[in-house]
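In structure tokens below, several structures.
Next come two complexes, and both contain chain A; in the first it sits with chain B, in the second with chain C.
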Partner chain A sequence: MRNGNGKDKDGFKGAVRSFVASFGWPRIIIALFIVALFFLAPAAKVEIPSALSDVLNRFGMNAVLVLAMVPMVQSGCGLNFGLPIGVIAGLLGSTLAIQVVSVGPLVGIFKPGLPVFILAIILAMPFAALFGWAYGKLLNRVKGDEMIIATYVGWAAVSFMSIMWLILPYSAPTMIWAYKGYQLRSTIAVAGFYDKVLSSFLAIRIGDFVFPTGMILFVALMCLVVWLFFRTKAGTAMTAVGSNPDYARASGVDASRARILSVVASCMLGAVGIIVYQQSYGFIQVYNGPLMAAFPAVAALLIGGASVNKASIVNVVVGTLLYQGMITMTPKVINSLLQSDMAEVLRIIIANGMILYALTRKSKVAR
Partner chain B sequence: MNGLQKNSRFLRDNLVVFIFLALSLAALPFSGQAGAIPDNLMARVTRNAFLVFALIIPIYAGMGINFSMTLGAMAGQIGLIFCVDWNVVGVWGLLFSAVIGTPIAILFGLLAGSVLNRCKGREMVTSLILGFFMEGVYQLIVLYMFGSVLPLRSPNIELSRGYGVRNILNLATVRGSLDDLVAIKTPAISLGGLVLSPVKIPLVTIAIIVALAFFIVWFKKTKLGQDMRAVGNDMAVAKAAGINVDRTRIISIVISTVLACYGQIIFLQSINNMMTTDAQSQTGFMAAAAILVGGATASHASIKNVLIGVTLLHFMFETVPNAAPRVFGQADVAEYFRSFLSFGVIALSLVLHAYREKKKEEEARRANRIAAGETAAANAAAAAEGGRA
Partner chain C sequence: MDEDCPLLSLEHITKDFDGTVVLSDVSFKLCKGEILGLVGENGAGKTTLMRILFGMPVIAETGGFQGRCCIDGESVDFKSPFDALDAGIGMVHQEFSLISAFTTAENILLNRECTHPSFLNEVFGDRMSVLDRDAIRERAERSIEKLGVKLDPDMLVSEMPVGHKQFTEIAREINRDGIRVLVLDEPTAVLTESEAEVLLSGMRSLADQGISIIFISHRLHEVLEVADRIVVLRDGKLVKDVSAKGVTVKEVSAWMVGRDVEAKRASGAHREFGPEFLRLDKLWVDMPGERVNEVSISVRKGEIFGIGGLAGQGKLGIPNGVMGLQLAGGEALLDGQAIPLNDPRAALSMGMAFVSEDRRGVGLLLDESLDWNIAFTAMQIQDRYLKPFLGSRFLRFRDDRGMRELAQEYVDALEIKCTGVRQRAKELSGGNQQKVCLAKAFAIKPKLLFVSEPTRGIDVGAKRLVLDALLKYNRENGMTIVMISSELEELRSICDRIAIVDEGRVAGILPPEAHLEDFGLLMSGRGATEEARVANA
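Let's look at the complex of A and B:
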């Protein structure tokens, strides 16, 4: 065996083998699957330009949520199945922003559009920090079992907040049931507040193809922030704790603190992520909306080539593109070619299959 | 150990049980219709107990809560689909479903066991995801293969598009066939102002549950059961003792999956309809919540935990969700409260367990260090002694 090392004598073959080894079979299969879907698209009467812009749009909507996985993976907390906690912080931020600009003390101060969007993010941050801190404290006490506990803590938080959404005294007329006069609706339109503020910003339109410049730029900005963060002292400490806790402790890094910081960072990114999602989707989904939020994000990150204890920005970008490409194209092509709605089932199998693959892969770092 | 310490330890070990008991009792006065609770509770407990027992053996083998028990439930559901399709009625229908379901459950169990052997140390989260993954495979079978690859004979359970099973499967032909086989009904009892409605006692279902409990007690004493315990305690030691660790773990999952298959059939015969594509997901959460409410942990479970847990959880389901709307003044709260409690209890027990394990580890390390320190001191003293001599 050549261990897939690229410095082989037999040039091309070795290069291919090393590429396969570094890129991983699952990613290659999914990439080929998507390419095949694009080739089949004309036969299924799917318009390529609009399909492409759908893929880009969904990429932008989801990328920050996937990015939210990175800090926790890097610090050794595993895949953030507790993403709903960050999402809830984002939901609090966005609902509060709409509340205060439509009936609250800030009426008329924040203009619809970017200002409200930024206000939502600002209002979400304290919640994200608080929830993240508590959630991080909890995870520090259960080292080794983080993932299963995160899943259930996230779900419990979602159902707890569902009760809260029912009884919190929101009063903005666009958010509550008109016939009751109180209680949040299950989907709240963001139209008139920050609908498409990023997506339509500097958007480039060529026929049916629309490039959501603003949203992609924002995603790039968030990636840059995370990339820079991992080059600061705190960020390096985080990676050190994740890759070798004993070494990190020996070099004077406070492992618990680094881990909590990573959870806070994950929650903040989750909060920003859901607000970016809302501005493109057009609606805020409360109640059981965030219940399954973690799984597509986890699957996307893993399709991007990350493992349970190693993730990079490249994994996020590649993974989100591949996953969203698959999600967008499969229903369009398969459903029209096979005259069935099998795509949803395929999505369940592929997404969970990816997570399963990553969990069962022999990882180099001992758990 | 003095009495106070003993008491506080008892309290700590049974914290989850007490929280739930207190919550349910507090909710009782607000729940309304208290008289119906004994009958409902009997129905709920006999319906669910078998499923909860399915979780014991993997815990015994050190694999934690087997969230992939839903695979067994799916096997049972496939059995029931065939049973309704071929119109095998009554208790024979249930037996027929079990016969169809068993080989599928064994196959699923073998699959789950070998997957879980590849991720030692994080079995629980993997089994949860495996459950989701197989849900996709199950939907592929039920919605696309039935009626196209697999034969479907009766058109009234087929989707109108010509293949696939309808979203809701009417189980009228087998409904209650086990519960009603031999059942007695207590008379209505009047306690002061409270009238307790008659309680139906499904004797055969109870007999089956008791038999299963005895089977588990017996199984733990067999060679295989002892091997499982050894594997659960320490895989390395078990391996050194010549036990085939991987094989033992797979067997524990296979048993769990097959039991879940039977449990799901018993569960579904007690209710009228089966949600074809997602009846199993509820099952998994309920069973896990029940066994954890009963004081089981991810590494220890007994018959007592199952029985206390399933009774307590369903007592709570009878009281708290009914009381919650009255307390919060909102009707819709009940549903969310129910899921909050089942997710919450699983999270809470897993956290408490992981926290305790970590503490125990730290204590062991500290004890080691002290012991090592003492030995070192003794050695030094001995050396000094020797030097003097």
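Let's look at the complex of A and C:
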């Protein structure tokens, strides 16, 4: 603001108004709420440095999973409530990686750390592509009802895989039940394989505050990949299909193929996302674990200002930060203020409340 | 017919939609037992007039109308179609409103069923009465008989041929007590010739029983055959109100399409064309509402070829079929090479482009900016506006600047009014949106351009600009253009030859200077004479 005459005041007002309009009231309110929580934190005896690190950590853990929503939203398939499918591909990749490096043919070749992490991602990709292709084929048959169908497909896949985790012949000692000698445990530690490979890479420590540099860089890399993808011919076609499938068809684009491609991309990102999550969290969660993947990711994207048919990288970053900030800070502060433990309850209320809010306010696309 | 006691009279009806006048000062009378043929081109105001008469809520919602309707000399003001029904006006719409899982008789007496009271009435009232199926059947048969057609009262509507559905609709209307005026909107459009004959004689017998009929049809010979009087609407004005005796189809069609000002032809009276460029051979297209049965035409290089005809006759199906947007079959050749049908990408790659009649549905990405709208097809089909990344052939990124420059070029050339090329398409006016659609087609530099209804829904000034742009690209770039339009005047103003499509077939091809009557004849399904076909073969 150059100086304080009347015109500039108007300009300032105008600037604020247009910022509010573009950023959106919901985001401003949530951001203010989180800031308020940080001010309240000392009173509730919550350490701010560690709380901040928690927020950043959770941001890094979840950002790629939220990013996985973008391709399907852009291609008009709606929010990917079937994210568990991509997550399952990631689980197959990570469990297979541990299997082959601990008892399989690759013993000793892959050193613990980044190589195993990368191996897990590489092994996950074919599954993600295959599942995504089949899942995309299915969604093409139910155009208009993608989101509800996706939810059920996700649940069905999780249940089916719950059986498979029991049957598949895993034998790595760190993954199977010690007392049985077979069948996967429900949580598998990644310690000794790729625990914190990204989080601790170049991490900056200032007292209790830890900045997970590696993980944030990886998230940035993934965002860049997605951003670049949407600048290619196929990515442009995908956006057009989401915007108006008839226009895309009349321009010679195979809308069904573009949609399938978007589902495959979503599944691949979901697979990468869960492996990033595991390295920070320290455990692989099989069986019912993937069930919980979709809702927080959907909620975060919607908080970020995405609609059911338009989403951007900015939506992902802003949304994940706000959502994870809220979900980390609210229980911490409120628990210690109320002297009770209701973290999970609050999380569920916030996540589902956000989804509900966003879905009721979804903007109609002009056709 | 007693001139002094009109049953129904419409006086000085004027109606506008947001300033666009669709009816101005229309007055006519209808006597008891008279059949009145109401004719006019698409958009002449027939449907709006009938909606006013019938008290459709859409009229009140859009600001009502001026003038008045009188029945038996008393002014009436229908608030809803129910009021009109009570006053004895029945209407059969172009679209069927029948319940397909019910039988003929059930449909005819729907909501007027004969019932027996049952013991449940004591508690729940009349809604619990039992249907008296025999009486229903009998009453239905009576009204079918009145119409003079053969219908099985027990047949399910879903199993009926279309003709019978139409008869069922009419039987339902005349079944009402006190029906005095019956409005039939294009009742013969879906009928075969023999079915139409039956219907016409049915109408005659209804009229003899004292029911007045307003008969709306594009088939002029049918109108002349059955009507006592003919009212012609053109551009919302009543241009003729005459007795049908001694009037010929030719005269009526001239009244229908004739403008006061003859179309101004662009210069270049004698034009030379190249060899045959586009050839359609027995093309059929299964486009809902615009079926093409069998069309064979040949377009020469450099020509502007017009395709006209009434709505629903199939003219729109032709470009949609050739461009692969609707299921099609038969043969299509571009410059001697077969065009793969049902494959939009192949059609575009061969150097054809299409400006769709469905501007907002197919033509535009409403939520995206103008540069995307204009450059997208060129990028997808011709790999333009892609920049290689580090010299790689396989990894190429969108060239946003190139797209913006392209869009700017067309914004300037076509005078598209916008705040900039980053403005979103939905924010533009209809005429400017149409220009964006044209720009999209021009951007792929097609050898052959299909334009479908290029001026539908845009104002007069914008119309001129759009047509001038087409002429310019034809003259300067030698682009062959096939233009499909419902507006005959528009076709006559820029086309070199005009084909009229009727019932999914080419009824005839005429030069633009041909008489209006001849065009009217072809449109009304009467002019498809052998000599017209032979002359253009």
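Heads up, the rule we're going with is that the second predicted complex is superposed on the first by the 349 of 367 C-alpha atoms of A that agree within 3 Å, B and C clash if a C-alpha of one lies under 4 Å from a C-alpha of the other, contacts with A are read in each partner's own complex, and residues count from 1 in each chain.
Quick note on the criterion: contacts are C-beta pairs under 8 Å (C-beta built on N, C-alpha and C of every residue); 3 or more make two chains touch, one makes a residue touch a chain.
What you see is a predicted model, and the numbers here were worked out from it, not measured in a lab.
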**OP:** Check chain A with both chain B and chain C modelled on it and let me know: fit or clash.
**Re:** clash
Original post:
With the two structures laid over each other on chain A, which partner does A:240 touch: chain B (first), chain C (second), both, or neither?
Top reply: second
Subject >> chain B versus chain C as contact partner of A:171, first or second or both or neither >> reply: neither
**OP:** With the two complexes superposed on chain A, say which partner A:349 touches: chain B (first), chain C (second), both, or neither.
**Re:** first
Original post:
Can A:147 be said to touch chain B (first), chain C (second), both, or neither?
Top reply: first
Subject >> Of chain C and chain B, partner touching more chain A residues >> reply: B
**OP:** Could you say whether A:187 touches chain B, chain C, both of them, or neither, answering first, second, both or neither?
**Re:** neither
Original post:
Thinking of the overlay built on chain A, is A:253 touched by chain B (first), by chain C (second), by both, or by neither?
Top reply: second
**OP:** Quick one: from 4-12, 346-354 or 364-372, give me the piece of chain B that collides with chain C in the overlay.
**Re:** 364-372
Subject >> Contacts on chain A seen with chain B and repeated with chain C across the two complexes >> reply: 367
Original post:
Which of the residues in chain A end up touching chain B in this complex?
Top reply: 81, 138, 141-145, 147-149, 151-153, 155-156, 158-160, 162-163, 166-167, 183, 287, 295, 340, 342, 345-349, 352-353, 355-356, 359-360, 362, 367
Subject >> Residues of chain A touching chain C in the complex >> reply: 228, 231-233, 236-237, 239-240, 243-244, 246-247, 249-254, 310, 365-367
Subject >> Contact footprint of chain A on chain B as seen in their complex >> reply: 64, 115, 118-119, 121-122, 124-126, 128-130, 132-133, 135-137, 139-140, 143-144, 298, 328-330, 332-333, 336-337, 339-340, 343-344, 346-347, 350-351, 354-355, 358
**OP:** Report the residues of chain C in contact with chain A in the complex, numbered from low to high.
**Re:** 323, 325, 344-345, 347-349, 354, 356, 358, 360-368, 372, 376-377, 379-381, 383, 386, 395-398, 426
